[in-house]
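Presented below are the structures under discussion, each in the form of structure tokens.
The following pair of complexes shares a single chain, chain A, combined with chain B in the former and chain C in the latter.
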Partner chain A sequence: MLTIKNLHVEVDGKAILKGIDLEVHAGEVHAIMGPNGSGKSTLSNVLAGRDGYTVTQGDVLYQGDNLLQYEPDERACRGVFLAFQYPVEIPGVNNVYFLKAAVNAIRQYQGKEELDAMDFMALMKQKMTLVKMDNTLLKRSVNEGFSGGEKKRNEILQMAMLDPKLAILDETDSGLDIDALRIVAEGVNQLRHSQRSIVMVTHYQRLLSYIVPDYVHVLSEGQIVKSGDKNLALELEEKGYGWITEEVA
Partner chain B sequence: MPDTATEVASLVDKDYEHGFVTDIEADTVPPGLNEDVIRLISQKKNEPDFMLEWRLKAYRHWLTLQPPHWAHINFPEIDYQAISYYSAPKSDKERPKSLEEVDPKLLETYEKLGIPLEEQKMLAGVAVDAVFDSVSVATTFKDKLAKEGVIFCAFSEALQTHPELVKQYLGSVVPMTDNYFATLNSAVFSDGSFVYIPKGVRCPMELSTYFRINASHTGQFERTLIVAEEGSYVSYLEGCTAPRRDENQLHAAVVELVALDNAQIKYSTVQNWYPGDENGQGGIYNFVTKRGDCRGHHAKISWTQVETGSAITWKYPSCVLTGDHSVGEFYSVALTHHHQQADTGTKMVHLGKHTTSTIISKGISAGQGQNAYRGLVRIAKQADNARNYTQCDSLLMGSRCGAHTFPSVEVKNPTATLEHEASTSKISDDQLFYCLQRGISEEDAVSMIVNGFCKEIFKELPMEFAVEAQKLLDMSLEGAVG
Partner chain C sequence: MSFQTQFADLVAIDDPTLQQLRQQAWEYFSQSGFPKPQLEHWKYTNLRALEKQSFVIAQEQCMGLVPDDLEPYLMANTYTLVFVNGQFDPALSKLDDLPKTATMTNLASVIKTDPQRLRPHFAKYADMSKAEYSLTALNTAFMTDGAYIELNQEAKLTKPIHLLFVTTPQQQSISTQPRILIIVNPNAKAKVIEQYVSLGASTYFTNVLSEISLAANSQLEHYKIQQESDKAYHIATMQVQQQQGSRLTDYRFAFGALLARDTINSILAGEYAESDCSGLYLGQKRQHIDYHVCTEHQQAHCRSTQNYKGVLMDRARGVFNGRVHVHPNAKKTDSQQSNKNLLLSKDAEIDTKPELEIYADEVQCSHGATVGQLDDNMVFYLRSRGLSQQVARHLLTYGFAKEIIEGIDLEALQMMLGKTIAEKLPGTEQLKEEMEWEY
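Moving on, here comes the complex of A and B:
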């Protein structure tokens, strides 16, 4: 599904990612952990095609194809989804309207027929139950005035609606209360699929006890310094990051 | 009142037969302005004496005035003696014979707006064949209005058929001495619309200049007068989203609205003059005086405008709230792109007690466009318990454009309540990227964000107009980002 080879990325001339290697197969869930500022969001943004990042070395293959050649909207249409660490507010643009535009843009790209209002609402109703989202949020502008937790649920609702092949979740658990965390995690679990890969950035083991990952990677200063299974996360929870960085040094 | 209705109906029919285009033979007065030219204009139109006197008085006053200068608008000096103040409508011979003869760039725009072929011909000034003319919406439209006693005709026509009404209300809102351009207009105005809604009548349809086919030649000095009698209602639509071909650089229109007790006038404008090319060459200078008088108690006047055209726009639709409990509203979207300059805003003058006004202004600047909002809220001494709410929002696209707001208030009564809110925002990279990451193209994303920004204004527009306004903004912003 996704192969990252020796990826180096700079921002404003400063090296942030310094040789990332990662292989994600269809159906797998990978967790990426690591200290603040280690480059987790940078990696997520580069995969999604955000401006301002310069790839100086390395390759990213997605479904066997060079991902970096595509514009961000085209990547989205090809099935790459990023749940934002900080979802953006768009005043005056209705949440449902936005989602419908997105769903249909992607369907159109994929050569599928656009959904009409009826079919769209039916699909929406079904997916809403996944994250137990309140109906009234649909009538509001995209993320405007949403609480931190509501924004994160909205991201997962969008993921459910857009049906991506590769979903990158950047700290989707941060800002969620205990109940919301469980609901969102269950939502994501239901979206696990043999044909869908999930890359999950998180700081907390708690999320990983709900969404059990196949692999856990530790990112530090722009490099993956350790990989393991779900037990690595438990170890990190207990000992912090210090011992790994020491081990590497 | 069946009598008035049938009377109006017969007048309307008769007028339609003759039309005002046909009773003027083709000729053009040489450039320049003097009393003889004004006499000639008045004579050509066969105007009543009071009209000529009025024009001459305005002209004599105009001679004493100096052209205005503003801080935020730059434009070359206008040579008023180089303008021809009377030119008869073009004869079919002078017009393009078919769309093939029309500027392809213009046709491209029509195409984008999805304007039907017949209307394209009309807008481009192609000689329209008689068949189209006689089956046009205009005819059925007039019948329906006549039944209600509504008068909706060309200004020149009203001077023939209802001179007493024109005489009573003309200049009663915008005095001929009001300002440089309004005074000039008073002296030389070419034509425009006249609307009269009788007492208690709710006008059965939106009145649109679009349906007045002849109005396509009213030229640079347009004059509109709308009178809503006690308890009546009218919604009036001005302009059209399609750019009109126009050789005249200077446009100085005057619009007067009069709302009597409990009457309501909703005036919506979607303006799309040719703004000039990317370098600002060849655009139109649009200096307009628009004012409504809520003359009766509980009267209400709302201005809604979406402005995208013109090289230079200078326009302040205003309300004078004379009657107690009267209401004035101003909703505006002004967009400037390339080298366009817009200086718009409103004046709300509170004279009556318990009067209320609302101002919501949205400015969008892209490219090197400059957008200025200038607002005045004046509360007179006797206007107890007056209220105003003002909100000015600016949206910037790119780093070379500008937005400026100049709100001012004059309050002479301590019981007044005024609220003001202002914001300036940019279409942020974050917003764009968020949309792109959801599969939405950049063009659609910009359109979505801009329309979100304008939502409060668009919801004041009649439905089809709102859709057109949206398309218009999309088109005007093409290439604004990226």
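Moving on, here comes the complex of A and C:
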């Protein structure tokens, strides 16, 4: 599904990622953990195609194809989804219309027939129950005035609607209380399946108790310094990040 | 034909007071002429092109219009007064079931049959003696028709009043000088929609003056929608006098005209008066749109907001001058001002000038102006969901503009405005579909 080879990325001339290697197969859930400033968000943003990140070396292959050649919207149309750490508020743009336009842009790109209003609403109603989303949120502008929890639920609702092959969840647990975290995690768990890969970027182990990963990688100073299974996350929770950086040094 | 010749040819008004007022107005106008850019108020709006042309004051009504011609503009559930080329057209108007508690008629008939009724408020508020207000003098000199609206004490109208000003193509370029007087007596409440449309693409000059008197604890929701032809000149001046506890809500939209200038002067002359003014200007091609908004806090405990947005495309130019003047008496004033602009082309231009003058203590005032392009984070967010850069930009532009209409509680009007905004912006088809979800 996703192969990252020796990826080096600079932001404003400063090297942030210094040779990342990662292999994610279909159906796998990978967690990327690391202290602040280790390059976690840079990795998410580079995969989604945000401006301002310069790849100086290395490759990113998605379904065997060079992902970096595509514009952000084309990546989305090819099945890459980024759940934002800070979902953007967009005043004046209706949430439902936005989703319908997005779903149909992607369907059109993939050569599928566009959904009409009725089919779309039926799908929407079904997916909304996944994240216990309230009807009233649909009438509002995208993320505008949403609470932290509502914004993150809206991200997962979008993921459910857009049906990506590769989902990158950037700090999805940040700013969530325990109830909201549970709802979001349950939503993600229901979206796990054998043809979809999920990369979760997170600072804390907390999220991983709810969404149990197949693999855990530790990112430090722009490199993956340790990989393991879910137990690695528990170890990190107990000992902090210090011991790994020391071990590597 | 010059205005001077045309003034000399005017038929005198029977009422000596009004005739004298008109004569006085003409003297002011002939002394000052059109406002010049040397005047601070007109620094960014040059009327030379307007002044160079010759306009014939529309005298005769355009006959033969039928309601179908106006169909796109008529609104259901309103009292409607239609003015064609500046003159009231009773046949096209819709004034059935008029409530006894209100008067809605045309100014010409009041001038003719009951000029005494005009004494308390008519021409009492708008200044015409200064050079920057010479177009108010021009309007007064040529006053013939317009709207007279008065709500009796305690009157509460359920339906809005729609004033529709239509200009039709004529052989010569015409000028209309409509005049509106709205009097809302104590505790009364009204909604007025003022709309300017054109049935052709001709050059003409509209110079409207509105005077509004809001008595104690009265309320007025006022909407002004300017959709003149794209060769037209549109000058509008609104003077509002507010007494204690009264409330004005003003929304205005500039969609049309080659050159448009709105001047709003709002005097908060009684304590606890409130004034909320907002507006949107959408400029494209070579349009020039100027909003000058001034709120005078003369008394304590008043609250005001000015909230204006502009989207400028192509070579369009916008001007915003918002002034809030807090007089020494006006303690506990609460005033907020905001002007946000989106420039969608490198040749578009905005001159924004927020002004705050405070001479009182214990006031809360804020102001801010922004000029910019679309927010990169928003564009990226939409693109990351599969929308093309172009669609993302269209949606964001529409969202920016549409925010102004979100507080409007007349649903039909809100829909009409949403549609009109969508039609003016790039990506119309997409946006129309968006609207269907909205309403």
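Here is the rule we use: the second predicted complex is superposed on the first by the 249 of 249 C-alpha atoms of A that agree within 3 Å, B and C clash if a C-alpha of one lies under 4 Å from a C-alpha of the other, contacts with A are read in each partner's own complex, and residues count from 1 in each chain.
As a working rule, contacts are C-beta pairs under 8 Å (C-beta built on N, C-alpha and C of every residue); 3 or more make two chains touch, one makes a residue touch a chain.
Computed from a prediction, not measured in an experiment: that's the story for all the values here.
Superposition of the two structures on chain A leads chain B and chain C into a clash. In the overlay built on the shared chain, the residue A:Val212 is in contact with neither chain B nor chain C. In the superposed model, A:Glu71 makes contact with both chain B and chain C. In the overlay built on the shared chain, the residue A:Leu123 is in contact with neither chain B nor chain C.
By the document's definition of touching, both partners, chain B and chain C, reach A:Tyr109. Looking at the shared chain after the overlay, A:Val96 reaches chain C, while chain B stays out of its contact range. Clashing C-alpha atoms with chain C after superposition occur in a single stretch of chain B, namely 315-323 (options considered: 81-89, 99-107, 117-125 or 315-323).
Overlap of the chain B and chain C interfaces on chain A comprises residues 48-51, 71-73, 75-77, 81-82, 84, 87-88, 90-93, 98, 101-102, 105-106, 109, 141, 158, 162.
On chain A, the positions that touch chain C within their shared complex are 48-51, 71-73, 75-77, 81-82, 84, 87-88, 90-94, 96-103, 105-106, 109, 141-142, 158, 162.
Taken together, the chain A residues at the contact with chain B in this complex read 48-52, 71-73, 75-77, 81-82, 84, 87-88, 90-93, 98, 101-102, 105-106, 109, 141, 158, 162. Those residues of chain C that touch chain A in the shared complex are 375-378, 380-389, 391-392, 395-396, 398-403, 406, 430, 433-434, 437-438. The residues of chain B lying in touch with chain A in their complex are 428-431, 433-442, 444, 448-449, 451-456.
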